[in-house]
Every structure is written in C-alpha cells, then in structure tokens.
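Provided herewith is a single structure, encoded as structure tokens, for subsequent inquiry.
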Amino acid sequence: MIELALFGAGQIGSIHARSIAADPKARLKYVVDPRPDAAQRIVAATGAAIVDRATALADPAIGGVVIASATDTHAEIAIAAAASGKAIFCEKPIDLALDRVDACLAAVARAGVPFQIGFNRRFDPSFRAVRDAIDAGRVGKVELVVITSRDPAPDSEDYLRVSGGLFRDMTIHDFDMARLLLGEEPSEVFATGSCLIDPVFARLGDFDTVMVVLRTASGRLCHINNSVRAVYGYDQRIEVFGSAGMLRAANLTPTSLEYSGADGIVSDKPLYFFLERYAEAYAAELRSFVASIAEGRQPVPGAEDGRRAMLLAEAALASSKSGRFEPVRTT
Amino acid sequence: MIELALFGAGQIGSIHARSIAADPKARLKYVVDPRPDAAQRIVAATGAAIVDRATALADPAIGGVVIASATDTHAEIAIAAAASGKAIFCEKPIDLALDRVDACLAAVARAGVPFQIGFNRRFDPSFRAVRDAIDAGRVGKVELVVITSRDPAPDSEDYLRVSGGLFRDMTIHDFDMARLLLGEEPSEVFATGSCLIDPVFARLGDFDTVMVVLRTASGRLCHINNSVRAVYGYDQRIEVFGSAGMLRAANLTPTSLEYSGADGIVSDKPLYFFLERYAEAYAAELRSFVASIAEGRQPVPGAEDGRRAMLLAEAALASSKSGRFEPVRTT
Amino acid sequence: MIELALFGAGQIGSIHARSIAADPKARLKYVVDPRPDAAQRIVAATGAAIVDRATALADPAIGGVVIASATDTHAEIAIAAAASGKAIFCEKPIDLALDRVDACLAAVARAGVPFQIGFNRRFDPSFRAVRDAIDAGRVGKVELVVITSRDPAPDSEDYLRVSGGLFRDMTIHDFDMARLLLGEEPSEVFATGSCLIDPVFARLGDFDTVMVVLRTASGRLCHINNSVRAVYGYDQRIEVFGSAGMLRAANLTPTSLEYSGADGIVSDKPLYFFLERYAEAYAAELRSFVASIAEGRQPVPGAEDGRRAMLLAEAALASSKSGRFEPVRTT
Amino acid sequence: MIELALFGAGQIGSIHARSIAADPKARLKYVVDPRPDAAQRIVAATGAAIVDRATALADPAIGGVVIASATDTHAEIAIAAAASGKAIFCEKPIDLALDRVDACLAAVARAGVPFQIGFNRRFDPSFRAVRDAIDAGRVGKVELVVITSRDPAPDSEDYLRVSGGLFRDMTIHDFDMARLLLGEEPSEVFATGSCLIDPVFARLGDFDTVMVVLRTASGRLCHINNSVRAVYGYDQRIEVFGSAGMLRAANLTPTSLEYSGADGIVSDKPLYFFLERYAEAYAAELRSFVASIAEGRQPVPGAEDGRRAMLLAEAALASSKSGRFEPVRTT
C-alpha cells in the first residue's frame, strides 16, 4: 500500500484524490491546502487528514506526493518533496519560467526521486491505443500527425491572466502528444495565433485560436490546431499517417444514441470537457504513478517530458512573433 | 447510509459488492455465501463480514438485501427477507417456476417491502437515453421495435442445464426492454428457435438461435433476435421506430480508434461481454436501489416487471412448440 | 448492339429507357404505350419510335422487350413476347394472381426465351457486396438475416387499390433478398401486420406496418420489417449474421457532410426514395439483361425467382390471417 | 444546344467528352488532338469529328472550347480561342509560369469571353454542401479550416518532371478550396515540405509530403496537408470550424458494407482516386460551364480564381525555402 500526500484540493486535486481512493494499491493519507473548505471536502470523501506541508513531507510513511496546487507553487513543493526523498507526481506545467523548471528538475535529479508529469492524455485509452498501434507497426513509418484540440469555452479572465498563455497552458498537452506520436523530437516549430473569439485574449497579449507546424530532423511533420471555444463541446482528436496507413482517434460521446428524423440523423456531441473525456485517463495516470513507486521504476512521462513540451511552447511563442520556423532548444 | 447484506458471492455478487462499495450512500455490511473462498474475496475488497442468513436478516441495521445467489434460492431468500421487512434487490429470474414466482411476489406484497428486479439493461446510459427520447416524444407514437441481443460465446453445459432455457435466461432481458420500449404490454408472442451452433442445445431441448415477434393490443410490433455466439463480441442494439422518427442505440467499443489500411477501415469490436458493456448499468441499478430505500419509494423495475417478462418467456416457449401466436397471460 | 422495345412509358419505364440509352451495347428502338404524352417524352430523350405492340414484336431486329406497363398487363405482354421469341425483362410482379404467373412462366418455358424479373435490389452495389462477401465465406454459415425496408411515405389510394397489398407489392422485394441471403429456400413463413399510419390501409384490408419471420429447413431464420412511412426517408438496410461474423449494408446518403453544433452531430438523411437509392441498381439490372442476351445466357434473377418470392408473399398473407407459421408451397 | 470543341483526348479529355455526351444541353462536335488513337476513342464514343485547331475555332457553331491538352499548351489554345470569341473551359493550371498566365488572362479579358478554370472539387456534392452550409450560416463566422488531401500513389517520374512541383500541381486544388472556405483571401502562407516516400521527389527538387498554413488579414487560419501516397486510397476531407459549429466532409466509399469479425469491424476504403471520387464533380463542372454559356453569364470558378490559387502556390514554394510566412501577391 503506497501512502500519498496531496498538495492542492481544487478541481484537479479532487480528481486525483478520487483516483487514489479507487486504487486498491494506494491510500491518501494527507491533504495540504491553505483553503480549509476545499481540503475538508476531500477529507470527507477519503478520510485523509489535513496537515501542513512540513508534516506531510516529514512522515516517512509517505511514499509519494501529488502536486495539484497553484502553478506557481509546483516547483517549490517539488523541490521540497525531492529533498525529503518522496516520489513526485506533478501537474503540468512544472513552472511557467524555464529557469525555475530547470532548477526544479536539477533538484529532482540530485535527489534521485521518481518524477511523473501530469500529461494525462497519454493515458486516454483511445490515444494509448493509437500509440500501441504505432509501436506495433500498423502505420509503418510515421510521416504526418494532425492534432485537433479545442476547448468548449474559454477560461475566466482571472485564470487566463496567470495561465502563461495558450501555448504554455493548452497547446502544451498537444506538444507532448506530438512528441509521443512523431517518434522523433521536433527540431523546428512554426506557430501563428489569432484573436477571433474573445477580446480578453488580445488584451492579455494572448491568442484564442492557433495553428502550429512541427518538423523533426528527418522531415516528419505535425500540425496542431487549437481553439478556446467549440459550441459542440470538447474536441480532442488525433490522426497519425504513415507509410502503411492511418490511425485516427475520434471524440467520445456520452451514449451511442442516434436519432433519425425529418431534419437529419443526429448523434451525441462529444463529452463536454476534460473531466468527462479524460476521466479514465486521470485515474490511469495515478495508478501508473502508484505502480511505478511500488515497482521501484521511473514513472512515465517524466521530468524531461515536461521540460521538452515547455521548450516546444517557448519556440511556438517565439515563432508566433517572428513569423518563421524557430529552432527548438535541445538542451 | 444504507447498510446492505449480499447473498451470493459469485461473479454477479462481486459486481454488486463493488457497486455498493463505490456508492457513498451505501455500505456492504454482510456477505452470505456457503463458499468461504468466494465470500472471502468480497470481504477483502469491502470490509464486509461473513455471516449466515439468519444473522443478516435479524440485524435491524440492515436496510436491504441483494440476492445474487443461485437461481433456485432467489425465491426463498426473498421470502425470508420480506418477512424480516428488508428491501429486496433480486437478480433475475425470481425463479424458473411461475408458481414459485407468484408465491414470492405474494410474500413481498404482504410484507409491503420494496422490491427491485435485476434488469440491469434499463440502466445502460445508451438504452436509458433511448427511453428518455421516447418519453420526450422524439419518435412520436412507437410502431416498431427491433432488439438485437447476441452473446459472444455459449455458456457451459453445466450452466445451461440449470438455466431454464434461452427464453427464460437470455431473452428475458429483451422481453423487459420490449415492454419498456413498446409503451404497451405485448398481448401475443410468436417465437421460433433453432440449434445451429452447438449440439449441446439440441441435447438439452433448448435453442441457440431464436427469433421472436411481439404484438400489443393496438398493433405495435417488436422483433427480438438472439444468438449464443457472435465472433465479434457482445452484440446489444436496440432500434425504436415511430411516427416521428427512429432511435438507435449501437454497440459500445473500448476505444474510438480507427485504422485505415490497404484492406479497409478497421475499428474496434464491441465491448466483449456483459461485465464490460453493462459496467455502468450494474453500478447505476444498485445506486437506484439504494436511493429508493433512502427516499422511501418503490424501486423500478419492480416485482411485476420481473413477472411479466417471465410470462413473455413462457408464451415464447409455448409458441416455439405450437408454431403460432400465443396469447400472453394477463394475470 | 441489342435493340429493345419498351412497354410502358411511366416512371419505371422512363428509368429503363434512360438505362438503355446509357448502355453502349443497347439501343431503345420502340416504345409501346397507349398514353401518347408519356411515350413522347421517352421518344424525345432517346430517339425511339412509338409503335403498337404487334409491330414491336413482329420486328425481327428486336432482341428483347422490357415490360414496365401496368401490372395487370405484364403476363399477357410477356406471353406475346415469348411467342415472338423475344428475351423478356419483366417488372415485378409478373401478376398478382398465381395462376396467371404460372401460365406466363409456362409460356416462357415453352418458348425457351430468356426471362429476367425486375428485382432491382440485387444489383444495388452495397447489397451485392453483402452477397459477394457471403459467397466469399466471410460470415461462415449464415444463421440470421434481418431486413429493414421502409418507404418514406405511403402510395396514393389509387395505387394501393390495385397494388395487391403490402406483402405482394412491397415485401416481395424483401422476400427475394431473403432467399438470396439465406442461401436456402424458406420453408415456413410467419407474418403479422398492423394499421398504425393511415386508415386507408385498414379500409382496403391491407397493412401499413408488418413484421415477418422466415425459416428454412435447416433452421436458418430471417426477419423482415416494413413500414410505409419513415419521416427520415427511405430506409433500406440488411444484416446477415453467421458463424464467422456479421455483414451490414447501411443506408446511403446524398453527401458525407456532418455538422457538429450545440444540439448534436447532424448528418444526412438517407437518399429519399427508390429512384435515388437504387439509381445504380436500375442501370445495372438493365445492363445485365442486355449482356445476358448478347452472351446467350439465362438472365438472373429469372422467372422462378419471381414466382418463389410470390409464394412467400402468399404464405405471409395466409399467416397474417391464421396467426401461425404457414408452409411455403414448393411447387 | 451548345456545341463544343475538345482539345486534348487524354484521360481528363475523355472524362470531359463523356460529361458533354451525357448533358442533354451540349454536343461534342470536334476533338482536336495530334494523337489519332486517343482522338479516335472519343470519336467512337461520341460521334465527334477529328479536326485541327484552326478548323474548330473557325466554326461559328462552336460555342465553347474545353482545353484538356498538355499543360504547356493551355495558354496558347486559350488565347486563340479567346481571339475567336469562344467561351473557354480550361483545365488547371492555366500555365506553370505566372507571366504566361497573366498574358492568357489579359487576352481573355480583352476578348470578353467567358472563362472557367477546372477546379472540379468545387462541384463535389459533399464539398458543395459544406460551402452551402457556410453560406447558410451554420458555422457562424469561419475561424479554422483543415484540408486533408492525399493521393493513393505517386505519379510517374515523367509526369512529375513537367508537373511544376507538388504545390502547383496538387496543393493548387487545396488552395482553391481554402479560398472558397475561408471566405477571405489568404494574405500569408507558410509551407514546409519533406521527401519521405520516394527519392525521385528529392532528385527533382520537389516534395512528396507537405504541410501548409494560410492566414487571412482578419486572422482566419487554414491548414493543408498533402502526401503523394496513402495505402488506403484517395484521402479527400475538409473541416471548417467557426463560431457556431463545425462542418466536415468525409471520404466517400464504394459501398456501405460493414463486416464485423473476430479482428474488428471493417468497412470500405475510400474511392480509389480522382476519377472515382470526383466522377460527379467532373460531370457537374461541365454542366455548369454549358449552362453558363447558355444563360450568358460568367462561369465560376473563373480566370481570377485560377490565378489566385497559383499565387498561393508561388508563396508556398517561396515559404518552403525561406522557412517563414510569405506574403501573397495581391495583384
């Protein structure tokens, strides 16, 4: 039984608490959150105790920490957890500033503790099936990847203000998927963004609509498109094309119902948002983290995966300003 | 918090135990099963205690019983539970013999205890959406219903010998769906069966392949087809046609993956069998049972639903011998 | 170049005229129709000449006749054409009365002329692909067939009055498909019908909604359901289930467009009616007729196919009255 | 009846000849092609006469010309036809060199003759339905367009050598669709290409795999991806995303057959290549050309549409070398 401490009792923290509760191999021992109400809800649901950070990290029974607090606290909690020798599951992004990411990852490396980054989409059963099929050789050599990722509705202005911008906050998941699916590191990034949906994005110097092209050294290509608003719900699709065929993972729907009427054939919209679409993925990523601690192996996706996705986001941001292919930092 | 006692620790009993464990409004207090190994597994997973029937029924803290034992014990346990004033969830069928069903339901009625029959399909989200759409008037007046229900592989001969035959064991679920979807009681049943798959069915005087037609008093029609073997997995579809359109609920698949290759476009087979396809339905029916106890209302589907499906099975069996429309008993 | 004479310049006659015009191996030489307007339209489109029956049949250049006149004239024209030694393409049904069918087929047999019955659905590319896949062994041994066949809207009362009733006029196509797909002759028929849509059907002693079950000697089963009104358009689907899998042919749509909006995902309704859905089938059946004349072989489906479908319709009609499995005449 | 002269009796010329033959409003009077065999086949099928260019253009009965000859002859034939006052249907591209395109269009403008460019995809029923739905406001304001266009197999090296390269030969169709669907002229183009499939492309300084991003002045974005080889056949899809929803046109298949077997659910590959996929589009574009002559209106897509698609191809080529957004010439 792996005992865990959870940092952050907000929406994502609650999901992780539930995942831990449902995993027979894990137990949530502590919740750390300055907001008593939020923490209390998790206590009620799981029987965990509310403690402060020091207490949680000092307890030798704690095998790992789950960091789901505000983004600007991820790095410092991770560094403290690493110093205490705990395995770390950290929500993305590690930090919005690359130097703090590097400092954090250096601390993790020094401590030699396992580190998993919260790229939940890797654990979505449909996306995982795409990856497995690539590994099994079904598309031969990968040549083109197309990633569609659109939110049902924009975040609040309060959130957007601290989000780091669309590339670092939203596209970052797609950058991770791109790396996974291309099978080679992207070496160049082109990105362009627009403000078509809500003036708040322009006001914040951000984009609400973007297109990205990634290119690897051998010439494999990946396209990503993002929008912050899709009236039909959360649109999460991937397509991988190669020498032996194509793989596609479509959206998931609440039911298989189809209505044939005078105005056409109508079927369900996609599951509304990430909580619904990635419910299984959230549970699976925590199970994987717990299992990696139990089995003494490095969790995947790891620290370097978190950092590389960030480097792609940085290059995209630069490209959206320069209007040209920007090289991706390799170190 | 509703405390429950579970009778029967086999495959279905284990599913119900898990559903109870996942329901924050319920707690599994007792498991009753003569086989210590089976019961022990549920104890390990849920913390329930193993007791005998008398102890479980004598405990005033027990608000309801879940009967998932061997079919021939359903009625007697239900009668005892009714006498103890417990709410009853009973797996289908109540009994293979109609007189024992009637005796059981009389006892339940006398005791005035809530009774829910385990027609799990009513709780499948896709099938429920069909029903909701009918209620919302999307197909207008229902005219035709088509139910496809095929198992991936036949049961063992040992099971078949005590199953009561295909109509009572397998089609019974479809009879319940037919009643639900037609919106009127079937008054006549035509059925014909064949032995095309495994000689064991012929040896047992049973069928492995059947077609049924139901007719209501106003002339609404329903077709059911069953097979005990579908190489592509569990095939569970319904179609409802009416004056304003058609509703269809298709099979569910493990992923949304689609592969385009030189030999065609390939997508997932349906979820393999009832444990996978009806996972959500099993959880939902138990939640519904618990909620009905908590709220002091009659659970649905109830005793009469269990009995009427059986009457349709009896009529189907008679028709498969007579070769003609058989009337359905109305009392 | 095969020169043909067309009897009947109505809707179906016009389709056949167009098919002949588009076939480089055929030429429409004559149109025979007492209604000058109808015939004139075909003349304008094809350059055929309007003549009377005797002239058409007396011309030795005429290699075949296409009979698309009123149903009650099919048999006498076919008998006359047979006497003149012409190959015959005859719209279904040959006649509504079985004795006249038999008389006609006897005349055809005596004359030894090729005879094709107008079961156009056999030439639909999707249905043909189902048949080819069965022949290729993809479903193994056929066990269950399900045929869905619903018209978008009822015919006029004038037509219904002379149609011979739903089984002989509409289900007859499905009976032919059933024979084709089952791979064995049905030996028993169960049918039940209702009047749910338009009171005119009840007034005429006919049905607007039916369900049929066919059974072959070895126990293979087929279900057919018909309705005369589907608000979403012409619904024409087949499903064949066997020991090695299932084949399904779905409806065809005008475009592949799909709209994702706030109320769901909407795609095209099926092609409206037989002229649209079976456009390719109509052309292909005439090409097949012409090719069979050119190559001196018996066309398929032939006279016996027309007759056997009628015997199934007769048995269905009898069953809809008796409420029981009715045997199918074998001679 | 519009009488036409066809220049070029190759594959595309033959398709146009067939379209003309099937159009009751048009007649193919002349075929002009130096290769007697090719011309002879069209004569046999249509009854047209083989003449030389001067004869065809001198005949006052000729209302229009269809230019489907070798690309490097398009401009000169068009200029001659314009001088003779004929309406012109010209296969794309008008020419590979922009100055010759301009010279040709100037001649057309001077003569004031109708001119249609052969962007057949605009006439594909599914793509046309997308356009109609945009016009009807179904997606609100267009924000993102994604065009997938992949050939089943590369052209021969002989063809590639004179094709003008992938952007001018293949992507040009997608550039036209992009303009149509975006509803605004693209002002900037980013393109990157790779040689992943066949070394012949690298040898010719061409690409076999490309990704393109187009941007309009208001910030609407379009992505195009091309490959010269898709093992599953011709892949032609478009997706338009806007403020009120998304439209998608999927691939078309030969049949609606679906096989459910032990290895998955298998359906048809897309129609193999442009002759099959765009059969209806080819016929419709010629009908539209003929109708525009008959009705005395300018055909669409016109000369300027041909030129603008070329300007996008030029910008893409430049971008594939510069690695940056390239502006699109506006004059």
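Note that the chains are named A, B, C and D in the order they appear, and that numbering of residues resets to 1 at the start of each chain.
FYI, a contact is a pair of C-beta atoms (placed from the backbone, for glycine too) under 8 Å apart; a residue touches a chain by one contact, two chains touch by 3 or more.
In this text the structure is predicted, and so the values were computed from the model without any measurement.
Taking C-D and B-D together, the pair of chains sharing more C-beta contacts is C-D. Comparing the centres of all chains, each the average of its CA atoms, the largest separation from chain C belongs to A. Averaged C-alpha coordinates give centres for chain C and chain D that are 40 Å from one another.
Centre to centre, using the average C-alpha position, chain B and chain D are separated by 58 Å.
Residue positions of chain C touching 2 or more other chains, listed in rising order: 230-232, 235, 244-246, 260-262.
The touching residues of chain A, counted against chain D in their complex, run 141, 143-144, 146, 148, 150, 188, 190, 192, 194-197, 209-211, 213, 215, 218-221, 223, 225, 227, 229-232, 235, 241, 243-246, 322-325. On chain D, the positions that touch chain C within their shared complex are 22, 24, 45, 125-126, 128-130, 133, 138, 244-252, 254-262. Contact residues of chain C toward chain A in the complex are 230-232, 235, 260-269.
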